[in-house]
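Note that the chains take the letters A, B, C and D in the order they are written out, and that residue 1 is the start of every chain.
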Amino acid sequence: MRNGHVLELKGISKGFFGTTVLKGVSLDIRPGEIHALVGENGAGKSTLMNILFGMQVIQDTGGFEGQVVVDGQAVTIDSPRRAMELGIGMVHQEFMLIPGFTVSENIKLNREPTRGNLASRIFGHRLETLDEPLMQADSRMALGKLALSIDEMALVGGMPVGHMQFVEIAREIDKKNVRLLVFDEPTAVLAESEASLLLDAMKRLSSEGIAILFITHRLDEVMEVADNITILRDGEVVSRMPRSEAKLGRIAELMVGRKIERPVLPPRKSEPSDEDMVLRIENFRVDMPGERVRGLDLSVRRGEILGIGGLAGHGKVGIANGVIGLYPSTGRVAKDGSQIPLNDPKQALLSGMAFVSEDRRGVGLLLDESIEMNIILTAMQVQGKFLRPGALQSLRLEDRSAMREHALEVMRDLDIRCTGPTQLVRRLSGGNQQKVCLGRAFTMEPEVLWVSEPTRGIDVGAKQLVLDLLVKFNREHGMTIVMTSSELAELRKICDRIAIVYRGQIAGILPPDAPDVDFGLIMAGKGAALEEVS
Amino acid sequence: MFKRSILVIAALVLVLGVASVSLGAPAFKIGIVTGTVSQGEDEYRGAEYVVAKYPGMLEHRTYPDNFMAEQETYIAQITGLAADPAIKAIVVNQGVPGTVAAIRKVKQLRPDILFVIGEPHEDPPIVEKEADISLIPNNPARGQSIPQLAKKLGAKKFLHYSFPRHMSMNDLATRRDLMEQECKKLGMEFIFVTAPDPMGEGGLPAAQQFILEDVPRQVAKHGKDIAFFSTNCGMQEPLITAILKAGAIFPEQCCPSPTHGYPGALGLEITEELAGNFPAIVKAINTDIVKRGMAGRMATWPVATSYLNTVAGVEIAKLALEKKINIKDMAAVQKVVEEIAGVSMKFERNSEKGQFYRYLVGSIIFGKDVK
Amino acid sequence: MLEKPTAQVKTPAGGSGVGISDILRNWSVPIFFLVISIAGIIAARLDINYLVNEVVGRFGRNAFLVISLIIPVMAGLGLNFGIVVGAMAGQTALVIVTHYQVEGLAGFALAAVISVPIAMLLGLLVGKVLNRAKGREMVTSMIMGYFANGIYQLVFLVLLGTLIPMKDPVLMLGSGIGLRNTIDLIGLSYSLDRAMDWLWNGFVFTSVGAARLGPWRFPLCTLFIIGILCVLTTFITRTKLGQEMRAVGQDMHIAQVAGINVDRTRIIAIMMSTVLAAWGQLIFLQNLGTFNTYSSHEQVGMFSVAAILVGGATTRRATIWNAIVGTLLFHTLFVVSPLAGQRLFGVSQVGEYFRSFLAYGVIAVALALHAWQGRSSKQSK
Amino acid sequence: MSDKLRNAYEQLGLPRLIIIVFLLVLFAVAVIMRMDLAILIKDSITRIGMNGILVLAMLPTLACGVGLNFGLPVGVIAGIVGAVTSMNWGLKGFAGFFTAMVIAIPLAVIAGYLYAMLLERVQGQEMMVGTYVGFSVVSGMCMFWLLAPYRNPAMIFALGGKGLRTTITLDRTFGKVLNDFLGFSVFDIYIPTGLLLFMGIFFVLIALFFKSKAGLAMRTVGSNPMYARSSGINVQRMRTMGVILSTVLAAIGILVYSQSYGFVQLYTAPLTAAFPAVASVLIGGASLRKATIGHAIIGTVLFHTLLTIALPVTQTVLQGADISEIARTIMSNGMIIYALTRAERR
């Protein structure tokens, strides 16, 4: 520790397929420091972590530029194992825990203390007996550091998520040489009381000299524990400050605040208003793992583009999935005054809605089918389009020429770049795949279009095209669009109103030109504070 | 007093009951184990016949259809029979693999039980050591008699269907080699053709299909005067069908019997008077074959060997238990078997180490020997 | 600022409940089988002595093979139909031992030793193939059995005596090429089963005053060895290696991230299973006393898998108790059902068909029950 | 041109190329050995025709995501019951054949529905359960064959006088009705026109079905159940339909097979129906995730040609050696393993 830094990142840059994700990011952390790294989704945080942990995906995509320095020594981290050896631990966002194992087995996974025995002397160390008492003692100690009394013999399986998070942390601090711990949005899935416990634990760890890199976008937490704060936006460090100089509002502004020039959108004949609601959602609950909706009320104006924003895990994605019937839901959804049966996708689609899923490859596409098939299939199944005449509805044959004609039209309208309508969707780029998804929904000619994360995982140029398309649908066809996105900036570009979801409910609805700080505060659950201020 | 009299009466009833049972039933019982009809009808019907003939004396069991896989179930069937102390002899027909193991298991606890095995599949020297008597058509001798019969039927060539698993049975392999020598001696060309194994993954249908296709191919290649022989029971029916169609020669089945393959291949209508009546069935087959213009080109044994094995096996076991026959006396055994078969036969033992009897019967040629 | 937490985090209810409903849920399949078996015993009016003798005998023959299935399940490979390959390795060793006429317990031990390298090599190959067929291990291992059978026939029926020099008129066919279809193991017969009978006869009988514990004959030493195997299997689960296997079995991805070599661990699991299967086949055959050169191994996989499923194992979870209970119940049913079928229908062959209908149908239903439970428990979470 | 070649190669895949080359070698050897090519070709054609629909029966379950239908015997038995009943009434020729079909299809629909209900509960383990269901149903039906009230003297056991024979000849009823319909010979090769036509009709019908609304829905369920759900398709109903369709095709398939074969095979024979069909469709290039009519056709042609000619030709070459059957076992199972280990890598 010649210069007193545990870790220094120097000028890290990284591009994926020509898109720059990180631009000259530098960062340094001292022992015992809690360093918060804040930024929106897609700001480049996870890529940075992947680099830090030598994940395979980085090497597979051509490596990175810049230098990683640990204890003043430049190092090459080419595998998670190497990171581990250097004393860098990671508390994963999705739990890397084995549900069928006990707490102590998970804490000691692949680092189990063993004792030699007869068999191991003959067949090698892998046959050494597990030292279970020691495993349990170590686990207890690690959990003790977090001031937590979890039964180390309990199965992880049925535990509350908060406990799993602590087990994950205990595993990292149990590593004897650990000096730097990375917490990747650890509180996203926690209840409030659990979250505050976690923050306490982080402080305790730092007081023992362990450096902590705290990735989050819950700004109140940052304010509570961080020593220093680095703000990342679009792959660049936009600001760096000690907590003493930081203000919540300022951070929020820096984080989301892009010099957004809201493009001048084409005008409408008549602006949507509260007088004419196309959709009313009341006391809506959706049981979507990780994105639960808990008793939400929302109304959608006819002809508007409504944005739904909010942090991951708060249920913004669950709304569309629930309304369309993919996840079990309860409550009331009424379109034009008539109630839509829940949990039945067919009814939802027949009522004139369409859905573009956030899970493009999982739900949105048939990867091994042609583009045209992907575009027309839903409309064919639900509305009976593109079928030749026949007596029995279900045995009517596909109408190839109508399909082809329509597919070509959609491909032209949406500018899908491909070798032809019969190309397999798997071979398309992310952006073009997304356009196929939009084409699929568009073919339904819906009155209300639900779009989830339309720009996730596609490159910048394609992002703009997709947004333009949505505006075009809206303006030219009068289509009401409800767009869910983790990127506030894009919501603010095209939406008429933006609803922010917090803990499964609408925390507030803001105009797109509301100040950055307002968005930041509502997202962070400080809507009440905002109201007081205003 | 009252209580006591009831006890006395009860005891008396019990004693009488037991006595009446023991008086009515023979002093011993015999177990028979055969395959089901889907394996082969003859052996099963033989068992039905003796069960009816000696009411109350026989316990009939069947072994699993896929006896190769369920060997343990097969063994359990036999040891299960032996668990009944009244059982003094067990007749097994056919002696599928596992028989030797079963005999050994039984003899551990019940060395007194007499075993009669029909058509043993396992290696003769091993069976010979364990089974008290084995009955089987004389396969090595048939290695000479079949080509001779084929020659008599006008064959110029002789074709032998089999597959690796059967060719790993020593008797069958020896018979094949003998056939080849005999053919050479008789001036006939010997052709060996591998067929798919009916126990293979394609199962019996694949093997049968092969036979149906291959016979016309061979006839086209070698002419009509070719005799066919196959080592597998399941192949007999399609073989006869194909030969009838192609006009080739068929000396006899693997297990010679008028009811093996012929009724099925000919689509024989089993009317009331035909059912179970061997002479009538033979006549009906004869009429049909003559009608199809195949007189003098097809033959078989006048007795159903599998049927005979079951019936004769039980008879010998019964006589042996009644101490009316010495099983080591080949002539005496032969006499019993001949009586049941109604024809004379040649008997032979495998070696002096045991009673592994092989028998040979003269053939009947359809359209010639049957009137 | 946030308020300080008032409630301390509570520990979750420790351990799993041992209520009757839990027992019913975890052991529903064995209980189902038990009921059917008891119904069968009543219907068949079976002699209990015979039943005990037969079931214990079959347990001794099969338990080892069934237990050999546990380790691959633990490592997430599902039920290993590939133990057929292990059985072939065991048989190869038997051929060698019989050829050199090593008899008795020494012969058995030698066969056990010889079978190890063969089984390990074959297990390695099977493991490599299965690593390329992740998610389809069971179907693949089943086909591997058929494939290996072809190779086995090639070696012992064609190459032996031609490419592989061997002369043995007792074992080989008259032509000098290939093995006969039956091999007599009289020299090895009961060599293991009875290796400890002196203990029983000399010690137990005399000291208890020659009181016979029923007219049964137990394969004492084999049962002892099975006991040791159970201990060993438990031991493996307690080692580093066992822990790695369990981790791989539960979640390959997490195991990989934790630095465990997933492919290697899976291969080791298959190799262990194959070696155990080879020994299991040796035990099976020494008890039978003869072996069918070309078919003894064929159905080993099918029946062992059925047994462990009956014991309540699933493709993802199998314990020693599943194996033991399953072997006992499965074989009870197979001992009882032929007679029960016969008694019920009066005609022996109808009884036989009824038996296989019932036995296989029950296995299908048992599998259905498992999958059904698996789903309902997932939904309840 | 080279692009076209490469495209064709990619479409075909290495395993099929190997088999095709192997078949060509076999034919070449047959020519060199002066074997009767006409008969070999004729047998291959017949064999393809009789097995085609059974292989086709694998497609619906693969398409709807249930996997390989190891429970094929369920449908096969329905077909056999139809055949036996029609024969019992003494119906001859096409009347007999179509009566058999008319009886078999509703039976297959019912059996398929029940089978599908079972499979629906065991998602993920369909293939294992199917195998055991097959065993069980076949054994159960053995009792039926023995005890069922069929009394036609041409069908019952010779000695027992009751119960159906293990194989029943179709000579006098509908044996070869399809094979002989419009049959003719070119260059000594007999073309079973009716058989090929009938098979062709079914291939076309199924191909059309997969282009219909229901067929597309079924395919969608198989390739991405979530996409299907989000398109308003009832996933469970499509899976049930797939299983029923497969069962019905198996019933029709076995009738076609039997009439060409000339016998109906009862008792344990239906057990073996599944394996060749599974092998064919896998060799044809189908995977558990994707199977098309093309795969079924290529698979049927390759596998059954291989089965038909591999044995006689190797036979002629290796005069007298036992190796031909063993070689065939190794090759066909090796191909299946190859397919199973490759499927993920496309």
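We take it that contacts are C-beta pairs under 8 Å (C-beta built on N, C-alpha and C of every residue); 3 or more make two chains touch, one makes a residue touch a chain.
All values reported here derive from a predicted model rather than from experimental measurement.
If you compare B-C with A-D, the chain pair joined by more contacting C-beta pairs is B-C. Chain A and chain B have Cα centroids separated by 75 Å.
Chain centres here are Cα means. That of chain B falls 35 Å from that of chain C.
For the pair chain A and chain D, the distance between C-alpha centroids works out to 48 Å.
Rounded to whole angstrom, the centroid-to-centroid distance between chain C and chain D, based on C-alpha atoms, equals 33 Å. Within chain B, contacts with two or more other chains are made by residues 36-37, 44, 65-66, 164, 167, 201. Along chain D, residues 142, 146, 322, 326, 329, 333 each make contact with two or more other chains. Pairs of chains in mutual contact: A-C, A-D, B-C, B-D, C-D. The touching residues of chain C, counted against chain B in their complex, run 47, 49-50, 53-54, 57-58, 61-62, 146, 153, 157-158, 173-175, 178-182, 184, 189, 215, 217, 288-290, 292-296, 298-299, 302-303, 331, 334-335, 338-339, 342, 348-349, 351-353, 355-356. Residue ranges of chain A in contact with chain D, taken from their complex: 324, 326, 345-350, 355, 357, 359, 362-369, 373, 377-378, 380-382, 384, 387, 393-398. Taken together, the chain A residues at the contact with chain C in this complex read 80-81, 84, 96-101, 105, 109-110, 112, 114, 119-120, 125-130, 132, 148-151, 153-155, 158-160, 162-163, 166, 192-194, 196-197, 199-200, 220, 224. Partner chain D is touched in their complex by these residues of chain B: 36-38, 41-42, 44-45, 48, 65-66, 163-164, 167, 192-197, 200-206, 208-210, 212-214, 216-217, 220-221, 237-238, 241, 259, 263-272, 274-276, 281, 307. Residues 129, 132-136, 138-140, 143-144, 146-147, 149-151, 153-154, 157-158, 178, 306, 315, 347, 349-350, 353-361, 363-364, 367-368, 370-372, 375 of chain C are the ones that touch chain D when the two sit in their complex.
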